[in-house]
Structures are given as structure tokens and as C-alpha cells.
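Submitted below is the structure of interest, expressed as C-alpha cells.
The chains carry the letters A, B, C, D, E and F, assigned in the order they are written, with residues numbered from 1 in each.
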């Protein structure tokens, strides 16, 4: 089975209008739209057509990260929008239960404690069967001083809830307010910051069952292992390679060299197949003639992988982590 | 002829998606959508159907004010959005030349000088036949200290351009970032602030031909003339009633008592017919059975107006101010 | 009996000097002046002479709002000044017990919780017989981000105390630090903001016996009922006209048209006679030959009021709300 | 002749009311009071009575420094107040030409360049015969980051004007917004900061004829010469004692030991007699039975002064600096 | 015995490198150096050679105040540095137990409560025999709004701990971020601010056994007693001279006139011998031929001191305050 | 010849002390140390010993980047420190002319225009023979909003000077004030931000001869080419691979996989040999038994490189860019 562990909903026109109104009115006043079944179905079918084209069996759907508006003032904007998007995810999954699973967005807000997200998360997981969530390490979106790094106690309420619910979080930033740092690059930088903070902290001693996935090949870290290996040697104790294996990663780097480097660095048992398709990588590569995010053939071509490695990457690493997943 | 001097475009779905993307990506990257003729035509026809229902001959269309995003960082967001909206206004007017005229939005940005707007304004008026523009007295949208009041030199570059182009500006704020002040109320408060600043300044000595229209019945000022009359008496010189006649007002208060008070206070030659329909007032009044913003019958019912007063309000006050207007 | 429910003390010269010293020294050091009986008597007599001239029997006296200095740093300035002013109110009332009743100012400070005001309020009401208080919805006076709107929990400690003491609050802002918004206009805008926040909130469900008076004819809201009626229709439930009747208003708009519009909009049982005389409106109207704030004849001239309406406005609405009032 | 080179006007009641109104209204609106001759005369006579009691022939009068409100927003407040106070100084001097000379206050505002003060200063000196001015080294009054030190180019426009007009400036701070630093202590600290900045700068190379007086015995510096002497030795070049003689000082320390230390440190030819009477020191010393600021006998008692030293301190140092002074 | 109650460690080269790294890396990452015994011994011997030259028997050593980096972000920088410096003080004292005693630095940080310092202080005193500590009244070092004055409850946790441990604190500021106020002058100004705040507060009623020493002759206050005496007279109650005797002072003013004025003002039983040698005053006075901070002969030359006065200043005032001191 | 194009001076103890004093005193006062020839020689020899051990012929030396203190207030700190460090670089090179060449640090300061650096840069290149410089894309060091990206006009004055002097700049950030982002990671993130901004800009159209080197393997970009290739395809025009070849990169990633990926991605003619040795990578790799930054054998082991590729990487790419370099 080919599971694409990291993908996002397609947003119906009515929802875009709602987002535009929310931002323009700063949620005062606001009136959430009622999406028709037809609108939800069309959006979902768009994705399924793509999945069928590239051979994906199941996608794990979450709200589109860069549109989470975690820094738009006031907090009510992102709160209403998160509800709307999680509802959309849920309805899409219910409509196509064989093809999708639900991963929740969280109503994080700027530098406020993530405690406000716990109820929403519990509700989605316990009442609606969501199997994971997104976690944004910088909900200020670069507009002001960021909250402490992921190694800090600031995040412990979320970690505690993740462990209690036994679900993984996909660490994924949202938009970017700094003109010099596009949101697509901020994804990468935030993953690098998140990894280094976690691995310099006591988080995994405190939460040994915590499951965190760093998408996009783990930001810059696997490419810069030399730098961090030297740091670990100087500190004594575990090597950085060992530490990295506390985390999980996915293949959304859209480049064979990069995916190879990732797997060689962290191991084939730490990498999840993922495409975010349709998304950033959905442009036709003039060389291969395929979209950059059509990654199944790329992985199948990697010579040094065993059959088991491939099955792990395409399915088993994922189902092991997302253990609330049940094949339908 | 019934001219509705203050109305806004209906926004196609594709444009809402664009706005959502602009805000989410902070315009980095960004790619403006190409609206189809079909999309523009449908949006325009929606308005015309309403106009036909309530008996309006011509509407002056501008971008929807509360969606101008003048305070969303960085400036590139509102700049791109304003271009997109003015293009939409222009295409709608070109498609239905007998029913619409174009009024431009300006790419104002927070507390920066409005000089950056002059090129856009000239282009729209001289190259595309726009006949007026919106002017937002607080482009910070309440997020931070506002720019100086409309009586200040800060605004003189705009006033100079307005006089040079011989067009009026409709003073209309945009969104509101303060949770306690909804954008719809901020419209009113900004109009009150604008009027009092102008009338305490030398602006009309410096720009005797400047034409400014305060919509929504002039904010709170006509209702609070007593307060300002007393101030004028203490200062000596002109009465406040005389001063008010330097300005123009429109009928978008959606209440007969209010419109009567307005006309009695400023004179029937200073009031323009306007509805913003479809808009805030487009809800069915359970008493009259008509929409609150169906104002033609309301004005026709006001007993103390002469036939000439009515013609002035419905047409001539407007065509006198907007003298680039030409009946088709 | 003619009760002027909204008036302010005349401030003796010694107190002005004290205020000047407080601001100049930022209350460090500070030494409160001891006002002589003579100074207090002269100030009080000044008001009584005016009352006699216009036919007022009793005035409810409070500190002069625009001089409350709620935003002058540090908090000790407004704390000392409020004490001084409430003492002055108390002494004036004690000296002329047949002509005045006392309404307290509160030592509100910028965006800090109003909890610090509760002791002062209790003391003035329980120990000194004050019968109401002022409440400033924006003690930052426009210098920085305002506190949440009156519908927010931020204000509940005050509402609870008002209910416990069974006294009304007169919602009245103080000064204004923004050059473009004079304090006299800020009064109006703050009333509009206050009303809309309260009516969009659950405050009156939580505090059903809360009594709030919006002076100056309720800011801009009665003039803009059309806008808010439409909003209420869209939301379903009560009409905006019904909601408005949870509040009370007074006549300090200084204009017959405005007072008529107010009474027609909210009902003659929701309006209190008030003049703030001597104050903003104390200038001679060249048309009537009377001061703008000489409102008794204005109200007596309103044709559509019944005798009972008039008695309600001049006396009974007021005594019903201020039920600690006892005619001497 | 006994010249008290540093004293301040007594402020009439009407002016205090004006200041209170200016602060409360933030100068919007504002209406300056017309002080009666009677009010000015009474205030002036109050001072003359004191001068006669302690044997002073002439006082140099300036606005009361701590009441200059240089940091009260907006700038218009201090601008209007400075005009009012300089007018009062001028009228007082004109009324009592044998007993007073005029020293101007400047409308400095927070951290803005002092260029805005030059017109006012020229006007007072050239048109009205003022013979010097105050200079506040921190017009932010401690509310925010202060402007650069007196050794910085920031102040050169003022120094240039002082040299051009050939008048001295009395370096004197105003109020203090920091609760922990009373204005009376801030005077001292600002003088210390001012002296050390000037003496570490090139100001006197650039403006060799610049005349600056540091009141209150030169802040803390004469008491801490050891510290600065060591610094000068390490730097090479002039000694700190030599450098200090580029400045002038006055006797407003109200203590014999302190005045002796001052004179021993900077020389009897660098010290001006001054009392600021009536002012901070106007309290009865239980030991001497005289007011602390009754300094003539204190200086007369200093044993090590020659007759010429005394004449210098009481008169000649002053007339040399203030060379626009002409005995009447 | 000659006790120099106020002196600072000499810092080894390795420690300077550590400080440079801490600042450059903002303590992320950081690795404290292990100072060799040799390095510590050389630094200590440097001081002892100086002590022998000027006749000092014992010095009380603390971290060098201006290098405490209390305002360098983040807090971890000053925390690590304070630990390093207190360790150095401790090792130096242990190596030369007949010549030094240890006074602790505290890891104060900007405007945060000093509660975070209590553990470090207890540890140093109880476990390592430190006999006092430094206390910085402005750990923001002038970069932003300072914490409340020393009279405020903000400081009570420290006062409580000082009383519990029965040790004195030496009130001494650190660096200065404001270009116009050098750290050496800020010492003086902070002492003046500290004294005036304490003496206007209830601190000594609440903590009657609190022992605070103001070095550098008490800032500017003894030189400005006239100003504060007048204030005390106006307030009634104790004289300022009486109040000053609740505090203690030291002789680090490096000038005979200043030390004489200090002793005359506060009494010979309130002044501790101190030099900070080697330090600011360690430059050769061309007149005396001795270093400015070679103060033993200066004090011996003061004519009005009795033998007992001298013994008090050189030894007994100090041992009375620092009663954990035990002669070895 | 083996040229290590990216290395930094070893700092003598005296310089660390100076840096500690500069930070502690905020450069007020300050006195630069005179480094002895002996100190400079020892520092230089330390590096040469390492070079000999690993087979490097020549190193290009610059100030140690993370110690540039570009964000320490006030600007004078970094200005003095940069001068001191560039002097050290110069003296080291002069002492060992066969083994070193000089690359300058710039006195950049927070978000101020880099114009202030041009004189220093010209002086070092023209008068002292420096052959390149460092350029920090975020001199705020993360403390506040960063300056615009490298694609912005903000940087044009530097680019113009670089072209005029015909020298390359090594894009290298300094420290990091955000606790969650260590300086070592910030290097990487800043390089990613710099590359993406440049390649989305018109900089190379405007400055076709501009030479910029991105060290550390180009941050994260070569590892994330898929993401940016897709973006370029959607935009049309050049591929991202083509654009990347406008820039140059170096090998300081300390990992064979990473260096291979880099060379495959950008080409062997765009990569410069570099080690920063001694530095971050100077820790013993337990697997290879060599230091991580001993990269010569690593590159020699890369199978797919031709002899010419190797010569390019080790020498010719470098001498082509740094064309002021002359072999001695």
C-alpha cells in the first residue's frame, strides 16, 4: 500500500471567500459559510484524480499550512479559520473513507501558550477520528519575537497531549511575514531550528513516547550533519546520528539526490513517503517529464534500498507512527 | 435619472482565492489570477439585477472598502490587491457602459505618505476614465498610531492631485484591527474624525476646489451639531453650519429619521443619493418589507423635499461633483 | 422636579495648581492642597447660580471627565487626582445638600484591570452616599492599544460591583492623546464603540440588573440604526431596537433635531434629562438667544411628548435608575 | 549689587488652569488665557517681597523648569505653554524693570531636534530683550530613550544660535516620568551627564565662545573629581580641573560645605550667586533659623573668600556672562 | 587592621575569552573554561602586590561590577558569567585566606524579579562562606525602562534574604547602554536614585535590620543635602541627616575634600574605608605623586578625625556590618 | 596549490579582554590595546601549524564572524572592534606573507545602511592589500526586524563598491540573539535566505560582475533544489539550476555526502575549497580518525571528480574569483 503521509485539502471557493472576509473584518463580525456537499465532493475528487494518476492509495489530509493565518490579529481569526478547515478535512475524509485520513490543524496564535489548542485537538481525535496533527514552531509567522524553541517547556502541554492521545505531530510552519523569507523557505528554516532545539534539550527524556515528524527532508540538518556531529563530539555522549533517530522525516524534498542523502543519513526506517501533492512541487520537470512531486518512481529508482526498505518508506514507517490509522 | 453614487463591485470567486493567497503568502511569492470575461460578467450582472429591482439607473463602482487590506504587511499585498480590484472595476464598467462608472481604490499603506498612490490614481483617471476615488483616512486600520488627521499637510499631495484631476474623493475607511471597533463602526467614527479635522484646518483655503464626500450621512457629526456649533461660536467666525457646507454627504444611513436630519442640517444641495447595494444594508426590514438599503422610496416619502431637491439628491448634486461623468 | 443627571464640578484655582504640579512632578513628590470651605463654596455657588437661571432643581455632580488624566504616567497621578476630585464632589454636595448629589470618578489607569477602582467606589457609595459613578471605556485615552470593549470580561469586576451596590454608571471617556481626535469627539466615538460591544455581548445575560447610561444621545448609534438593524436581522433573534432598550441615554446633544431622533429611536422612558452645564454647550446660540445647553425649553417644545413623557425625562427615568437618590 | 542669576516666575492661578486644560485636552482644542495686569503684578510682587527680605537686588527670571512639560504629547502642548510662560516672564520684567531680567524657556520636545526652538529664542532675545535661556538636556523627561548627550552634534544648532546671540544657557532639565527618579534628583543627574559629555567632546573647540552654566553646584561632578581626574590622567592632555573651567556653575546647593567644595574645585571666578528662591530650598532650616535658600549670609560666612571673590560671585561673574544685561 | 571593604577580582585571560564567547554566542552554545590554579594565583597575587604597596591588610573581593552583563540577552549569559565570576572569587579567597574575603555577584537580569538570585546567594554564603553581596539597582543597564526604585516591593525578596543571612549588600550598578551616560557616571547616579528612593520609603520599617552600603561617597546626595533637608522639613518628621544614618557609605570618591564632606555629613561611624584598587582610581596624581585610589594617607591626613574615628573607618565600621567576617 | 579560501584569525588573549571591556563599557570609555608582535606571531603560528598538518598552502583570513558583534549597541562597539580585528588580520598576513591573504570584516550595524562600511572597505583593499570581505546579511543578529533581503536596493552601495574594487564577498552572518537559533545554525539559514532573495531579484542584471560566495555548501538550498526548481518552472524563464550558477559556494559542510550533493548540483567550477580550520568542524571524527574539517582527503576521495575538477576546487575557482590574489 502506498500511503502519502503528508498532503493538504483542496479549498473550495466558498472557503476562500470566508478567509478573505475573516481577514478583512478581523472576524468582527463573521459568519461561517455552510459548504455544500457538492463543493466538498468536488474538492476531494480533485485530489483523488491526482492520487490515481501517481499511484497513491491513501493520503493523510490536513489544512494547508501556509494558509493557517496564525499571526493575523486577533486570535479569533485563526480560531474560526482552523475550525472551518478541520471541518472541511473531516467532511472530505468521511466522504472518501477509503482514500483519506484526517490530520488536524491547531488554532495556535502568535506567542501565546499552545494550551488553547488542546480542546480542539482532543475533540478532533477522540470524537472525529483524526490520527495526527500539525504543529507550527513559530505561530508569530516571523512578525515579532518567536516563542521559545521546541526544546522549551513552553511546548510541554502539547507534547503531553500528543503522548496521551498517542498520535504524532507533523512539525510544519505556516506563513511568513518577513519579506525576505518566503513561507516556502521558512518551512525549511523552521525545521532546522526545531530539530536542533529538540536534540539539545531533555524533551525525549521527559516524553519518551513523543512522536514528531519533520517534513521536507528535515530542513537543512541532514545536509549539515558534519557541523552537528562535531558539536556532539565536543559535548561527549551520543553521536548526532544517534540523536537524529529519535525523530522522523518525510520525502517532500522533490529531488533524488536529496532523498538519497536523507535516507543514508537517518536510515530507511525513519523516512515516510510524502508528496504534499497537489502543492509546491506540482510543476512539470522538463527532464523527467513528470511532476517534481511525483515521488513514487523516484524512490523506486533508488538503488541501495531493499524491498523491505521500500515497504517501510511507502507504508510501514507511517502506520507504525500513526497507530490510530486503520486500513479500511 | 437615478444615480447611486456609492456602490462596490461584487468580487468573483477567483479573486477571493487570490486575496487569501496574498495574505497567506504575504505576496511572496504571488501570481495574479486572470479573471475570465465570464466571471466578470456574472459579477456585474448580479449588481444590475439588483439595480433593476430597486430602480437605479447608474451605479458608481469602487473596490469594496473593508477589503482593501491597507494595513496587511508588507505594502506589496495591498499594492497587488488594489491593482487587481481596480482592474476588476474597470472591466466591469467597460462591459456594462450604460450602467456603471468607475471609482478607484488607492494603494494606501499604514502610516506611509499617500504619495505612492498618485501614479495609480492618474493612470486610472487619465487612461481608463475613472471619475473619482476612495480615500481612507486611517490606512493603519487601527493597528498602531494613525496618520495625522485629514486637516494635516500629510494629505496635501492627494488633495493637489484631486484638484488637478478635478475629481471628488469619497472618504471611506477600510478594515479595523481593533477587536472592540468593527469595521462597520469604524467607517462612522473615521468620518466624524475626518470632518472635524478638516473643518478646524486651513485645507479649503489652500485647496478651494477640493471636493470631498463623506458617506454614511457624515458619521456622527450632523447628529451632534449642537456640540460643534457651540465650539464655533466660542471661536468666533463662521458658524459650524456654514462650514459643513464645504463638504458633501450621502444617504447611506438606511433610516428615514437619519436622512431627514441630515438633509435638514446640511441642505438638500449637499446630499447625494447612495445605497452601497448590495452591502451592509441588504437585509429585509420586517416593517417596510423592503431592504434597508432600498432608499429610493424612503427619499421619495420625505415630505419636506421639493421636486428640485429630489432631483438634486438623485442626480444633479452627483453630476455636479463628478464632472468627468458623462451620460452615455 | 427637574433633575440634571449629568453635570460636573467647577474646579477651584487651588486644584488646578495641584493638577499642574501632579503632572509636572509625575506625583513625585506630591502634597495635596487643603481646599478652604470658602473655595469649595464659591465653586458650588457658581453652579447653583446657573441652575437657578435655567430652572434646574438638582444636579448630579461628578469630576470633570476630560480632566481625569487616566493615561498620565505613572498611575499614582490619576489616583491622587481622583481622590482629590471625589473629595471636592463630596464637600460640594455636603455644603449644598438640597441642590446636588454625588457621582464618583474612578482611578482607572491605562489598560490595567479596573479592579483597582473597586475600593474607592465602595467607599464613596457606602461611606459618603455617592449614588453613581463614571466609567471610562478607554483609560489609555488613545495613547496605545485600548483595553477590550465593554462587552469583555475585562470589565466584569466593575459590573459586579455596580450590581452589588445597585448604582448606575455613566459611560464617559476622558481625554484624548491623539491629535486628530479631540476629547470632545472621542466622547462620541467611545459611546458608539461601547454600545455596539455591549449589544454584541452576553453582558446583560450575565448581569441582568446592570444599569448603564450612555450620555450625549448615545454617540452615533441612534443616528445609524439602519446599519445595525440590518446586522441584527441577519443574525436573527432580537431586533436592534429591542436591544437598545437595555441601555439608557441622556440629552446632552444640544440640538432639538437630535433629541427628537433619540427619543423616537429609544423611547421616552430611556432618556434622562442632562445638560453638563456649565460645559461644552455653554455658548450663546445666536438663533435662540439661549445657551446651547439650556435644554429645558428645548424639551418642553418637542410636540410629540406627553406630559408623562416629559416627567419621565425630567425626573422619573433618573430616580428609577439612581435609586439611592433620596429627595431631601 | 546682589544678582540672583537663577530664579523662576511665580505662576498665577489662571495659568495653572491653562496648564491643566492643555494637558487634559492635549491642546485640542485650546484657548490661551489673557492674564490681567493685576495677576501678573501680584505674582511679581510676591517675588520682590522675598528678594527684599533676603537682600537680593535683581533676579534673572525664567519659566519654572519642572513645569515645562517637554515630554507631554503632542508637541503643541509644550509649544503653547512655553509661549505662555515666556510671555509671563516678559510682562513681569517689563512691570518691574529694576528688579528682574528675562531668561527664556525653549519649546523643546522629546527627542526631536532643537531646531524648532531657534525662532522662539531669537524673537525673545532680539525683540524682547531676554538675556539668556534654559536648555534641557533630556526633553523626553525620562519617558523613552533620551537624545544624544550635550557633546553631540544634535545640539549644535542651539550652540550656534547661542554664540550668535552672545547669550549663555542655563542647563536645566524639566520633569521626570520615571517613578524612581524625582524631578529634583533628575536635575542633579542630568547636570552630571551634561558635564561629562561636554568635557569628553569637541564642543568647545567648535564653539569657543559658547557659555554654559550648570546650576545646583554642577550636579555630582565637583564631589567626584577624583574619579574624573584619574580618567583625564589616563587619557593624557589637560587635567579635569582645567577642563571644568570651561563651564560655569551656580550656588543652588543650599549647603555651606557643598558651596565651599564647589568654589575650591572650580574657582571663585566660575561660580554665580543663585537661589531659585522661592523654590525647592524655601523651607526653614531649624538650625540657622533661615530658609535653606537664603544663601547670601552663607556665602558671606565663607572664610577663604576675598572681597573680590565675593563681588565676583554676587555680581561680576554673572554680568560678564550675561553681557546683554544692562543695569537699569 | 586596614580593611578595604570594596575591591574586585582581577580577571584572568581565559575568563575574558569566555566572556567574549558568551556574548558572541549568546550562550548558545557555551562551554565554561576550567581556570588553572596558576591563572587564579597570578591574578590574586597581582592584587596582593598592590595591597602590600599601599598598606592594606585585607580586601573584600567581588566580581568587577561594570562587567556583570546584567542586560545582555538572554538571561543565560549573565547567569553563566556570574557563576564563573563567583567561582573565581571563591577560589582566590581560598588560595589567599589571610588577605581576602568573598562578596558575591548576583545573576540579576534586566527588569525581572530578583527572586532568581536567592539560591545563588544562599549557596555562596552558606556553603562557601561569602560575607556579603553586590546589588545592582538597574540591571537593565539603561537599555529600556528600569525596574522600580529600591524603596519598592520589587526588591523585598532580596531584602528578606539579606536579613535572614545577616549580610550587607553593596549597592553597585553595572554597565550602561546609554551612550551619553558612561558606566562610571551611572554608578554615581544610581546611588543617588537608590538613596532617595529608600529614604522616601518604608523599607527600614519593614526590614529594620537591613544593611545597605552606598559606595562612592553615596553618589551625589551628601553634596546635595540642602535640597533634601528642605524636602524633609516640608514633610515633617525626621530630618534628612537622621534618615541618612540608616545607610552606610564608603570612601571611593578619590578626593580629600569629598571624603571630608562625606564624613562631616553622615558621621565617621557610617563610612567604610574602600579603594576599589586596582580600578578606576588607579592613575598617578601628578600633585601628590600617589595613585588617586591610594586613600589611606588621605584619610590619615584629615585633621578633624579622632583616633577612634580612624579605627572605625579603617576597620570597625566594616567588621560591625560584615559580621560573618572572622579575622583569620 | 591548496588554497583554503575561508578561514578566520586566532584571537590573542589581549583582544578578548578588549572585547569584554568594549561590551561591558559599551565603548564609553574605551582604549584599544596595542597587541605585541609576539602575540600576533603566536596566534598566526597556531594556524600555520594546523595548515601544515592538513596540507594547506595558503589560507584567506578574516575576522571570526560570530564575534563581529554587529548588534551590540551602540554602533561604536562594533566599529572599534572591526578596526581592531582587521588590524590583526593585516598584521598576521604581513608577518606570514607566504601563508595568508587578508579578507576584511565590515562594521555593519543592526538595520542601518551599509554605506558606513565603504570607507573601511576601500582603505583595507586599496591601502593594505585585502582581497575580499565578509558580508553579513542580518547585522541585527536576530534582535529585531532584519534589514531587507540581499536582493533589495538596501545592499546596492556595497555591491557597487565590490564591483568597483573587483573583489568577492563571502556572505556570512555573525551572532544570533534568539535563544532558539544558535549562531551556527543561523549561518545556514541566512545563506538560504540570501540565495533565494538574490535569485528572485534583478541584482545580477544591475551588477553583472558581482561576485558572491555562499559558504557552508550554500545553506539548505542545494539540498532543496526540487522545491525551487518547481517555482522556477512555474515562473517561466531560466531554470533554478542555471540561476544558481551565478553564485559561488564553498565546502565547509564537513560531510562527504553533502559535498558530493553540492558539486553535483552547482558544478565543480562553482565550488571553492574551504575549511574554517580551526573552527566549528575541528573535532575528531571517531570513524575517520580525522577532524571533521580536514576536508582535503574527503575531496580527494570523491570518485566522480576529474583531476581538473579537483584543481579547480582546490585552487583555480578561488584565484579566478579573488583576482587581487597574487602568489607570492
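Simple rule for what comes next: contacts are C-beta pairs under 8 Å (C-beta built on N, C-alpha and C of every residue); 3 or more make two chains touch, one makes a residue touch a chain.
All of these numbers come straight from a predicted model, not from anything done at the bench.
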Looking at Cα centroids only, farthest away from chain B lies chain E
Computed over C-alpha atoms, the centroid farthest from that of chain F is that of chain C
When contact pairs are matched by residue number, over half of those of E-F recur among B-C, A-B or A-F in A-B
In whole angstrom, the CA-centroid distance of chain D from chain E equals 34
When centres are defined as mean Cα positions, the distance from chain A to chain C in whole Å is 54
Touching two or more other chains in chain C are residues 29, 178-179, 182, 184, 231, 234
Within the complex, chain F is touched by chain E residues 11, 13-14, 16-17, 19-21, 23-26, 28-29, 66-67, 69, 72-74, 76, 143, 175-177, 179, 182-184
Given the complex, residues on chain F that touch chain A span 145-146, 148-150, 152, 178-182, 184-185, 188-189, 192-193, 196-197, 216-217, 219-220, 222-227, 229-231, 233-234, 239, 253-255, 257-258, 261, 264-265, 280-286, 292-293
